[in-house]
Structure formats: structure tokens, C-alpha cells
Amino acid sequence: MKDIMTIIIRLTVSCLMAGAVMGATFIITSDAKKQNKYKNEQKVSYGLLGYDVSKGIPAEVKLHELFRYVVTTGDELSVGYLVPTGHGEHGGFTFISISLDGSFIGQYPVDIDHASVRDESDRDQAILTALGKGKTIRYADQTVIATANDQRTAYLLSGKFPGFKTFIHVMLALEPDFTILGLEIMEHEEDPGLGAEIKEDYFKNQFIGKSFAAVKYLEVDKVPLPDDYRQALDGKISKEEVALVQQNYKDKNIYALTGATISSVSVTNGVKGITKKFAYRIGILDAVIQEQNIAVPF
Amino acid sequence: MKSFVCKLFLLAVLALLPSLAQAGDLITSKSFGEPNEIILTFAAPTSAAIATDINNYTVYEEPDPDIRLTIDTITLSADGKTAHLIFSEPLNTTETHVVAVMTHDKVSPFIFQVAKSYWGYLFSILISALLINNFVFTKYLGLCVFFGTSKRKDTAKGMGFTFTIVMVVSAIMSWFFYQYVMKPFHLNFLQIVVFIGLVSLTVQAVDTVLRKVNPALFQSFGVYLVLVIANCVIIAVPLILADNEYNFLETLMLSLGAGSGFLLALYLMSSVRERMEFAQIPKTFEGIPIAFIVAGQFALAFLGFSGLKIF
Amino acid sequence: MWSVVACLVPPLVLSVFIFGVQTLLITAVSVASCVAMEAISQKSLGRKITVSDGSAVITGMLIAFMIPPDVSFLLPVLGAVMAIYIGKHLLGGIGYNIFNPALLARAFLLATFPVAMTSAWIAPNNSLFTFLGTTVDSVSSATPLAVMKEQGIEAFQAQFGTASNIYTNFFVGIQPGSIGETSALLILLGGLYLMYKGYITWHIPASTLGSIAAFTWIFGGDVYCSGDPLLAILTGGAMLGAFFMANDYVTCPTNKTAQLVYGVGIGALTVLIRLKGGYPEGICYAILLMNPVSSVLDTMFKPKRFAPLAPPPGGGK
Amino acid sequence: MTTLFTFPKGGVHPPDAKKLTADCPIETIPTPDELEIILGQHIGAPCTPTVERRDTVSEGQMIGEVKKGLGVPLHAPAAGTIKLMGMSDHPMQVKAPSITIKVDHEASANEHNVSDWSQRDAKELVGLVRDAGMVGIGGAGFPSHVKLSPPPSDPIDTLILNGAECEPYITSDYRQMLEMSTEIVEGAKIILKILGVKNCIIGIEANKPEAIKVMGEAAAEGSTSEFNVQVSPLEVKYPQGSEKQLIQSLTGRKVKGFALPSSVGVVVHNVGTTRAIYEAVVLGKPLYEKIVTVSGLGINKVGNFKIKVGTKLSDIVEYCGGTNDRLSKIIMGGPMMGFNVSSLDIPITKTTGSILFLAEEEIDTTPHSNCIRCGWCLEACPMGLEPKEIAIHVEAGKGEDTNQFGVFECFECGCCAYVCPAKRPLVQFIRLAKMKAKR
Amino acid sequence: MANDKSNMQLVANGILNENPIFRLVLSMCPAVGISTTVMNGIMLGLAVLFVQVFSSVTISLFKNKIHPRIRIPSYTLTIATWVTVIDLVMAAYMPGPYSQMGVFIKLIVAFAIITMRLEMFACKESVNASFWDGVGMGLGFMAGMMAIGLVRELLGLGTILGFEVLGGVRPLLFFVLPCAGFFVVGLMMAFFNYIEIRYRKLKQVAS
């Protein structure tokens, strides 16, 4: 009996000690983790826009985050966007609710600051408080709008779609007219040497410069990649020449990776879908913002 | 042992009931057809005027309710029961599609979901863990035990079964713990400690139960139970299900697939190694090195499953 | 062994005609490196050198038969190392390998050179068969199965002609593909010759081809039971696999019942990989996957003893 | 032709090579100067000598006896003096105890008078058979009187005479069937009487049409209302002459494990044994002479010879005009089941059926290689065993584990080794396995 | 029990005589699964080193307080604690390499090698000795992983630690494929066996 008591006590003590160590580490690292993750995303985002984080970002360039939600009120579904509206410490965000057919429902100021808006639970909580009772929300996605001197310069979209094996996570940069600015493959599990080549320059850079009109009907061609195009895509020639070559291939379809047609098609269709959906949504959102005269920094 | 399996089965059936009760009264079946097609079967013959009117339908992918999919044409079969919805673009069949049909009264639409068979999805999790992503040959987990206990077929079988049982039980416990304790209380960082604790607990429980219920089985399995605790295959299952936010049935399937995949790998390897005992293996390769080479050959063969999509 | 080699020569000659001399060179390199590798392995492991038994030659020919005609010579050489040294001699030499060495080499090459192994096809030169009125579109060089898998049945029909003469074309050997898998006819003849000589029995080829045809028929179409069984066994490596690789003595089960089960297993896995898997052709992997199962099958299906002394000891004691 | 009887599983078709000696009538080889009679010529304990050194013996005198257990007495094949009680070369056991008789060529040969056996009762007849030292001369050397007195629990309904002679080269039974068909039928009737059954089937392989004809006639002649003897042609397939296979071929019955044929109501005797039983019972002549086939391309004169037990191989070779340069292997017994011998000093025993002097072209000397698991041996094995597994186990030094494969059911017919494409000496492996494995 | 080995001997023991990967043949999963590059080897090696050293020291510190009947649970708790710590730290500060490791960092908790050292060494020896033993084992593991990683990275990608050494040539893609891990580890083990056999022979000849 005494034995058991000592065991219990010692186990409890050791559990508490272990818990303390782990808890302390968690508290110390959790913020750093978020920070690092954010920094990494920023790096990729700026990279897609053509800036190098290590060399410094011009002051006029700003990134604005836009969070999309699906709101359920009773049986009714609607869409909501959390947009930054002010630059103040508090009340800098507004939740714009739009019905499924694109008409404005309402706008709600959300009490949240720029640091905690990145934390999903904090953000959800703040939105729910702002919306009031009887509504449930589901986070859908996040879009970043880049501005320079308060002019929109690009959209950064993240998305995922099924690839050959598992989901492929990508980040896509679009110009204001939805011409593709850049594509970055964030996560994938395609076969090395085959589907994994989607993250190589010569494949993903093919998307650069495709206009929205071209993207809408983008297909994959199973023919070998022309040599001059490949040189340009790999960035082996000077920038001016690259631009020239790219101009030539602007309206061409995507050249499939040899032996990895399925991966190539998935990426193409994925990019197509993301672009089309976004173009549709941003149109509606812009219309609503204009109609309601909501002050947004983009 | 038997009653235990029975209970497990009962539990699974209970968990499934809600999903079975969901069948609608207007539509008897719905499925994806061609890449750009949804096939609906009505319970009663429907008039062509209503059933083929594009405006009566609203279809969207579940996560994107604001983006309506455009229907090109709708054809109705002669008996008025089966409607084929042809869309202008191929559908993304991995997503659940929500279809709203305006019924006769034109007031409230009848809403239902079209998705790939959930059973098929569960089955594909099982097959994936069993073959396509076999824990030993394509995920490279549990190798110490794999090489240690694959010398004889008997041992391999015993080990494989013990593993499967412990894996299923501990995965289910971990799932409950993860869903109802760790997630609500933001204790995710305690994953490792909790899961390994649950695995040890399961091993202890299986040990005790087996000792009481079936001593003969305990005699043959007991030895392996000790080996189970410190094994990465077992602990990997809860980690994966926590990562992927699996639900109960998916957890069950994953653990079952992983366990039987381990059993399969062990059994095949042991039968091969029993055969290899008669061969003159070069001296420097005897024992573990040649086992590695053979396992590598297995892994090469299992590459054949890569990219396999059953449903 | 040498009669197997003899049976493999006609398909080789045909592929020299339709794909060019390149194929002959690749086969020569493959055979030479296999034989050399066999000698080196046996010498280095202190075994008797048995190059003359022809088994290395067969392995070499089969490796060459399973790679596309337009690849670099490095491929067969590396394949030989994998097949002969790692696949065979490390495991104790002939008779002790678990996996078919040639198939192991093919899986290895496919993993190492995925692009070359899936795209270095040559469009067949069908001048030899003009009398058949062949209509193979010589622009296409992708294998029929790959076209069917990746581009669908319409593309397939556009490139290979209509149903009426597809079968004749494929049967005589006018189809792009690996060096040795073009002509179902010649392989079939070779297989039948081996059967006539009593070197192989009908069990494995029949059950393999039969189950490929059956499963394709059941699952291969848009609705159940509408697949094209004939096309399934005429294209890809089905014939070569069923007659020359699934039948490999060392890696297949010895009992006849077990052989039937083994063949059905190969057929099922082949169709599974062809229809649902990541590769257009699955028979190589199907055989590889069934290889280790054969020793399990052998313990499951023991020959019926004439007069057992005692009940056979249960399980794997 | 009527349907040929055969067994369902296994078996091979080796070239029969019987032409060499099939047309050679039985010749008698003169008694040599010395005879070495090995004491253990039957299954069971070897005999203990009943004579001393320097004793004089007459032809047919008992010189050895088994006091206890299974066994039959041994008789002097010729008159002479006991020269030595020593050791002789033996085909299987290397050396075995023996009695050497210095033959007295002057002594007159025994006269054998025909006696009427039909008046004697079964017990008496069995006694005669035992006293004549009768064993199964087909090869195993199982004492015949034991077979003739089956346990009362097994009712016998059929006697089978084994005239299959399925081993290549050997023609001694064939010649006996041709030349002594009436004696054989008579012997069969004696056995039938002893056993108290009516039916006797003589199984003869279809490649001996002459024998089938002659025996058929003799059988028809000898059959009475009391004894029904008939000939059944058998399909030419090795090992048709194996006891269990023969019973299955002719009656469809299966003899389990180590059970005796009597367990399925059958008694099997070799035609040669039957003839010897006839001689023992009717002529009162003990078993001390054998009809042996000497064949092969390695010896100058081939034929079927009546040879006294104890005659050394060297004496036979001398009679046959010596061996030639093509000789590469001497085998006692048939080419499938026989033993390779290395010495010409080995004496003939009661169970010797043939001596083959094989030339190089008649044997396969290619070295054996690893097992390639082709499974041909499984197909060929009439007992449904897995010779390759046994051999692989033995090769890996795990001979003691082979019991699971039923190694003791193997009767070493050699079918597996015959079909093996890797030329593996499977029978030798199995013999080793039998030594290692304990039942 | 008195410790009769110097600290350096303990370290050398872990790296050479009782190398966890090649000699003890423990913790093979990562050796096959994620040994594609030297960097992976170093990262996982560091994590294992950390866990091994801290666990050894912890157990050694509290060895008198641990009730013998709950010895194994205590070890597991200790290891799990330190694994959690390193997992959180790496996830926070090295997100890139951490994502490469996948689930393997968390799986350090199930490494037999660590439990074994605790049971065989740390629960008996002084804190100092345990520390050095832990260092030795950790370094041994790291060395093993790096060796495998070196072979695979060099042959598969033509680089070492990400630097191109073969002039941009990627020799054989095969070696960076996961399944090549089995072959590489098997062949390397055989190679070390060969060296050992040779070494013993030399020794015999010398004596």
C-alpha cells in the first residue's frame, strides 16, 4: 500500500514536472512559430511579386489580407469577407456580408488588431461577436491584395487541389487584370523525377504572363517543350530576352511534363479554377465595396 | 477476443447509423457520372417540364456556395425517373456537391448533397494504409520490429495480429482523447506524451484482458506485447489521424489498414526469409543487411501501387 | 534455357524491323552486361561460374525487352547490376532469388529514369506490313495503353485506327511499345513452343491472360462488363509477362493449383494498376508483387500426399 | 487391346532400354570357386550362422538361421567347406558379415523331385516357404512367409503378382514369365491356397506383349473353379511396379503410410518370388539361386543369368568376357533405384535383380546445379511429396526438419531425380534426410 | 558501479563500437525514411542528440527517486517530454527542415535506442558519465545518418549539403527515392561488416 502511494506521488510529481517543461516550451515557442510562419509566407508572397525580402521591400508596397467566410444563418448561406478598413489599432477591420447571388447584406465592424487577425481562433471569435447571435461561420480562404502607392498591383491567392497523389498546395500571384504574375508550389507529394518537376521553373513559369482570357481556356499539350522557351523559363538568358520569348508563347497552352501528364493537368486545372473563382468573387466584392462606399486601403 | 471484436463492430455500426438515415424522400439515388455529369434518380416519375428546367437547379461545390456551376442541359429518361445533369465544365469530384432542386410548390428548394460514396472513401483509406502507403514498405515505419520478428512465420503472424489489435484500440482511444480533450482545451502540444501513454495503456489492457479471457492466446501473443510499446508504427497512427482530423470511422479504417498492412508485410517478409535460410548468402550480407536488401526489393515492388486511386 | 532464348529471338528480330537497329544494340548491351555481371558476381562471391547455362542471357534479353527502344545504353547496364548482383547473387544465386531479376531491374529503371522509361518510344515502322492495310498514325509514338489511360478512348481510336483493324495490327506487332512487347503473335508462338516442349505448363499463362481479360471485361468499360478483353491482352506486356516472366520457375509457385491462384492474382493486380493505378501498364509490378506471395501459396497448396504417415503438422512449423 | 491400368499421380517415362537383354534366354553361370554369402539378406535381423569354420556343407543345407523376430534361414548354394566367417563388401553397408564357402566342384548336384502340394494344408505350405529362406526377391527382401500369413484382422480378397518390371534394362522377370509361365501360375495357385482366396491378378506392363500373351495363356490354362488367375496389362509408366502404385493401378485401393498391403485386402508378390515359391514348395529347393539381368553397354556379354547367391561380381564379369573401356558406372539394381557400386568384390544376394554396366552415353554426367524450383519433381513424385524441399533442407544442413515433408513415405523410386532439369541427385539427398530425420 | 571509462571513450564508444545504426541496428526507420540528404541527417541527429543527452541526464539525476516498478513509464515520460520540447522548438525556429522531417521528429519517442541507453546506462551511472554517453550515442546516430545521407545525396542529387560537387550532374535519381534507403543501408552495413572481417583477419595475422 505504501508502495503504491509512493508510486502515485512520484508519478504525479514527475508528470507535473514534465507538464511544466512542455508547457513552458509551448508558451515560449508558439509565438515564435507563428512569427516564423508568417515571415515565410511573406517571403514567398513578396517573392512572387518580384521583391527580395532580404534586400528590403519598398515602403510604398503594402500587403492587405482579406479573409473569406461562409456564414450560415438558419438555413441560409451567405458569404462574408473580413477586410481591413482602417489603420487604427482597433476597429481596423470590417466584415462585409454578401448574399449568394452577390447582393449586399450588411457590414459589421470587427474589433480585432493586425497581429491577432492572423490567429484563426481569435479572428473567428471577433467576427462572431461582431455578427451577433444565431450565426455560424466557416473560414474559407485568405487572399492578399498588394498595393503600391494605394494602387492595386497584385493579388496573392493560396489554394489546393488534388494532384497525382495527394493535394498540391500552391500560391498564385495575379495582376489586377488577372494575368498570372507567378506560381509557387508550396506543398506536394508527387513522384520525384516525374510529377515533382511541377515545382521546377521550366514548368511553373509557363503560367507567367497568361492573360485571364487565355487562362479561362487553358489546356495541356502533350508535346515537348521548345528549347528556346525552356531556356527562357529557366532564366538562363537575359530578362529582356525572356520577356520576348514569353511574349511568343503567351497564348500557347501549357506544355505537359514528360511522363507526368496527370500532374501537369492537375496544376493547370487547379490554377484555372482558382483564377476563375477569384475573378468572379473579387468582382462582386468590388461592386459591393463601391456601392456601399466602404473605405478600403486597396 | 471474439466478443471484443463484436463490440467493436457494433460500435462501428452505431456510428454509421446517422449517415444511413440521411437518405431523402424525393431523390432515391444520386451519383457522379461522366466527368461533367450528375445523375439523379427521383422516387416518383417527374414531369419533364420541371425536371429538365435548368433554372430549377442550383449546384455548387460545398466550400464555394457563392459560385454556381452552370448546367448545360438536362435529359430525363423515358420513365421520368432518371435525370442527367450535364455541366459545361468537368466537375471536381473530390468535393461534395450541393444540389438544390426547386420542387413543385416553387417555394422551398429540396437540398441534398452529391459526393463520392462515403463507403468507397472509407475503403480507400483502408486500402491506402494497407497497400498503397504500406507503413513498412512505403512509409518506412516500424522497421526494428519488422526486421526483428520476421524470421519465422509464426512469430510474424502473432506479432502482426497483436499489432493490429493494439493499433486499432489505441487509435480509437487516441481519437476520443484528441477530439474531446486535447482539441477543446488547446493541449495539442501534449500529443506525444498522451498518445504514447494511451498506447502503453492499451498494451497493458490487452495484456490483462487476454490473460483472463484467452490464456492460450496470451501465451502466444504475450511475448510481443512488450515489444509493441516502443514502436513507431503504433504511435504514428494517432499522430497521422490528429494531423488529418479524421473522424471516428476514418480512424478505424486507418488503424485497421495500417495494422493489417503491417501484418501483411511481416507475413510476406517472413515467408521469404524462411526460404532464404536455405540460400548461401555472402558472409558480409548475412542477417540484417540482406534483410534490408530484400525489404528494398519489396519496396520496389510496392512502387507499383503508387498513384493508385480506387475511388 | 537456351530454347527460351530461341523463343525470344523472333520478337527481337521483329522489333529490329519496326523500331530500327537501335533495339538490337540495346539488347546486345543488355545481354552482354548481364553475362558479364553474372561472371563478376560469381567470381567475387567465390561461386562456380555458370554463365553458360543461359540464365543471364535470358535475364538480359528480358530486361531489354521491357525498356523503350530509344534509351541510352546506360539503362540496360544499370539494370543488369540490379538484376544480377542485387536481385540474384546476393540472395544466394540462381534458384534463391525471391523476385524475378529482370522485373526488378525494370522497376529499378522505371524509378531511376522515369522520363526515359515512359517516353522514349519510337513510332513503329509498318512498311513490313503494308499488305495488311495498316493505319497506324506514325506521328504517335506513345504506347496504346498510355494513350488510352491519359487521353481517353477517342484519342486512342484516332491514333491507332478503328476497332476493326486494331486487333490485327496489335496482334502482328504494329504498336509502339517496349522492345519485346510489340508482337503478341510471336510471343504467343514462342510460348506455345515452350509449352509443346514441356518446359512450361498452361497454368500460369492461361490464368494470367484469362484473368486479365476477364477483369478488364468486367471493370474496364464505362459500365460493368463492357471492357475490351482482347485489346487488354494484345497490348502492353501482357503476353510477354504471362509467358516469359510470370512463368519464371524460381519465382512462381510449384504446385499447379497454386499456379492458377498466382496467375489470377497477377491478372487482378495488372488490371487494378492499369485501370486505377499510376502507370499505364501494370503487369511488371503485378508479377513483382505476386513473387513473394508464391512461397506463401506453396505452403498453402501442398501436393496431395499419396499416403501420409501422420496428419501433416499444422501451420508453418 | 483392353484398357491399361495405371495410377493417377506422378510417374515418369524413362527409355526402357530392355531391348539389350529381352531376347536373351536365361543362362546358368557356372558356380565359381568361392561363394560369399552375406548373413543379412532380408529385412530384419541378420542370420546367425549354424555352421562352424571348416565344416562341410551340402547344396541347400541350412547355414544360417534367425532365432528371434523377423527373418528367414540361409542356405548353402553349393556343396563345399566353410572357409571363412568374415566380412564382405556390401553395396549399401560397405561391409557386412558373411560366410565364405569353398565350393566343391566334385559334389553332385541335388536332384529335385516334383511333389504334390495340393494335399498339404496352408500352415504346412507357409512352413515350407519359410524354411526355403524365401524373401521378396524384387528388391526389398521382405520375408515371404510373413506376407503369406496376414493378420486375421485383414481379410484378403486378392493376390497381385507383380510382373510390371518397370525399371529400364531389367528383363529377368520378363524372361521368367516367358520361359516359366506355368511354374509361375502354379506358384500363384500355391499362394492363393495359402491365403485362402480365389482371385489373382498378374500385372504386366504393356511394353511386354509377349509376356502378356504367354502368361495369359498359362493363366487361362491354370485357372480352375477354385483359383481364378488373370493377366491385367498395365500402362507403361515408371514406377508401375512399386507395390503401392501397383495396388492402386489394379484395384484402385490406397495403402496408407506404413500399412501393409494386407490392410486393403491385397497381397503382392513378385513373379520371380512366385516362381521361387513354386520351386520351394514343389521341388523342395531353397532360395539360393537368382535370375539376374546383366546389361549395359559397358560389358561385353549381356543377358539373363541364373546365378548362385554369393557369386561375386568379378566372377560374373569374367563369365561375360570382361568389361570394356566405355564402362563408367556399375549399378546393382535398376538404373532408377539401384545403388552405384565401386567394387567388383560384392557378392550377389537374394535380392539382386540386375547388374548394370553402364557406358558413358547411358548416364548423365553433367554436374548438378542449384534447385530452380521448377516443380517438376512434384509432378513426377508418385507419392505426392516435395523432393525439392527435402533436398533444399538437406543442402542447408537442416535434414532433421524434413519429416514435415513426409520424407519417410518416399520409397526412392528416383522419378524426381530423373526429371530434375538441374540434374540434382535428389534420391541421395532424400537418403541423407532419412538418416538425419527421426520419425 | 564505478565508471572505468573516460568521457572521450564513452563518446567514441557511441560513435564506433556501439553505433546505434550500423552496430546495434536500432532506430532504422529514419535511417531509411529520411536519410536522403546530409542536412536531414544532421537535423534529426541533432534532435536525437538533444533528447538522448537530456533524457540520460534527467534519468541519471533522478535515478534514486525512480521507483523500480515504474521504471519504464518514467523513461517513456522523460523521453516524451524532451521529444515534445525539441519538436516544438524545431517547429518554431526551423520550419523548413522540420517539414522535411515529417512525423519522424515526433517518432523519436519510440526509438528503442534511447530507452535502451536509459535502461542500460543512465539509471546506473553518474550524471557526468550519462551525459557523455548520451553525447556519444547521439553523435553516433548523427554520424550514421550523415553517412547514409552523404551517399544518397551524392549519388542521387550530385550535391553535398546542397552544394553541387559533381558539376550539376544528377547521377541516379534512384538514390533519393525513399525505397533506395533499404538498399543503401543494407549495402553500407555489408560494407562495414566486410571492413570488420578484414580488420579481424589482419589482427589475427598480426598476433
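Which chain is which? They are A, B, C, D and E, in the order written, and residues in each are numbered from 1.
The rule we apply is simple: a contact is a pair of C-beta atoms (placed from the backbone, for glycine too) under 8 Å apart; a residue touches a chain by one contact, two chains touch by 3 or more.
If you're wondering where the values come from, they're calculated on a predicted model, not measured in any experiment.
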Common touching chains of chain C and chain B: A, D, E
Topological distance between chain C and chain D, in contact steps: 1
Omitting chain A while every other chain stays put - resulting connected groups: one piece
Innermost chain by mean C-alpha position: C
Centroid comparison with chain B (C-alpha atoms), farthest chain: D
Centroid comparison with chain A (C-alpha atoms), farthest chain: D
Selected pair, greater C-beta contact count between C-E and B-D: C-E
Between chain E and chain A, distance of the C-alpha-averaged centres to the nearest whole Å: 38
Distance from the mean Cα position of chain E to that of chain B, given in whole angstrom: 33
Between chain C and chain A, distance of the C-alpha-averaged centres to the nearest whole Å: 47
Between chain A and chain D, centroid-to-centroid distance (C-alpha), Å: 91
For chain A, residues that touch 2 or more chains besides their own: 18, 22, 25-26, 30, 164-165, 191, 193, 262
Junction residues of chain E, two or more chains touched: 73, 77, 80-81, 84, 88, 173, 177, 179, 183
Residues of chain B touching at least two other chains: 189-190, 193, 278-279, 282, 285, 290, 293, 300, 302-303, 306-307
Every chain pair in contact, whichever chains are involved: A-B, A-C, A-E, B-C, B-D, B-E, C-D, C-E
Touch list for chain C against partner chain B, complex: 45, 47, 86-87, 89-93, 96, 98-99, 104, 107-108, 110-111, 269, 272-273, 276-279, 282, 284-286, 288-289, 291-293, 295-296, 299, 315-317
Chain B residues touching chain E - in the complex, by the definition given at the top: 137-144, 147, 189-193, 196-197, 200, 229-232, 234-236, 239-240, 243, 282-285, 288-293, 295-296, 299-300, 302-303
Complex interface listing, chain B residues touching chain C: 152-154, 267-269, 271-272, 274-276, 278-282, 285, 290, 293-294, 297-298, 300-310
Of all residues in chain A, those that touch chain B in their complex: 18-19, 22-23, 25-26, 30, 70, 77, 79, 98, 100, 102, 140, 161-162, 164-165, 191, 262, 269, 273, 277, 280-281, 284
In the complex with chain B, residue positions of chain D that touch it: 392-393, 395-396, 398
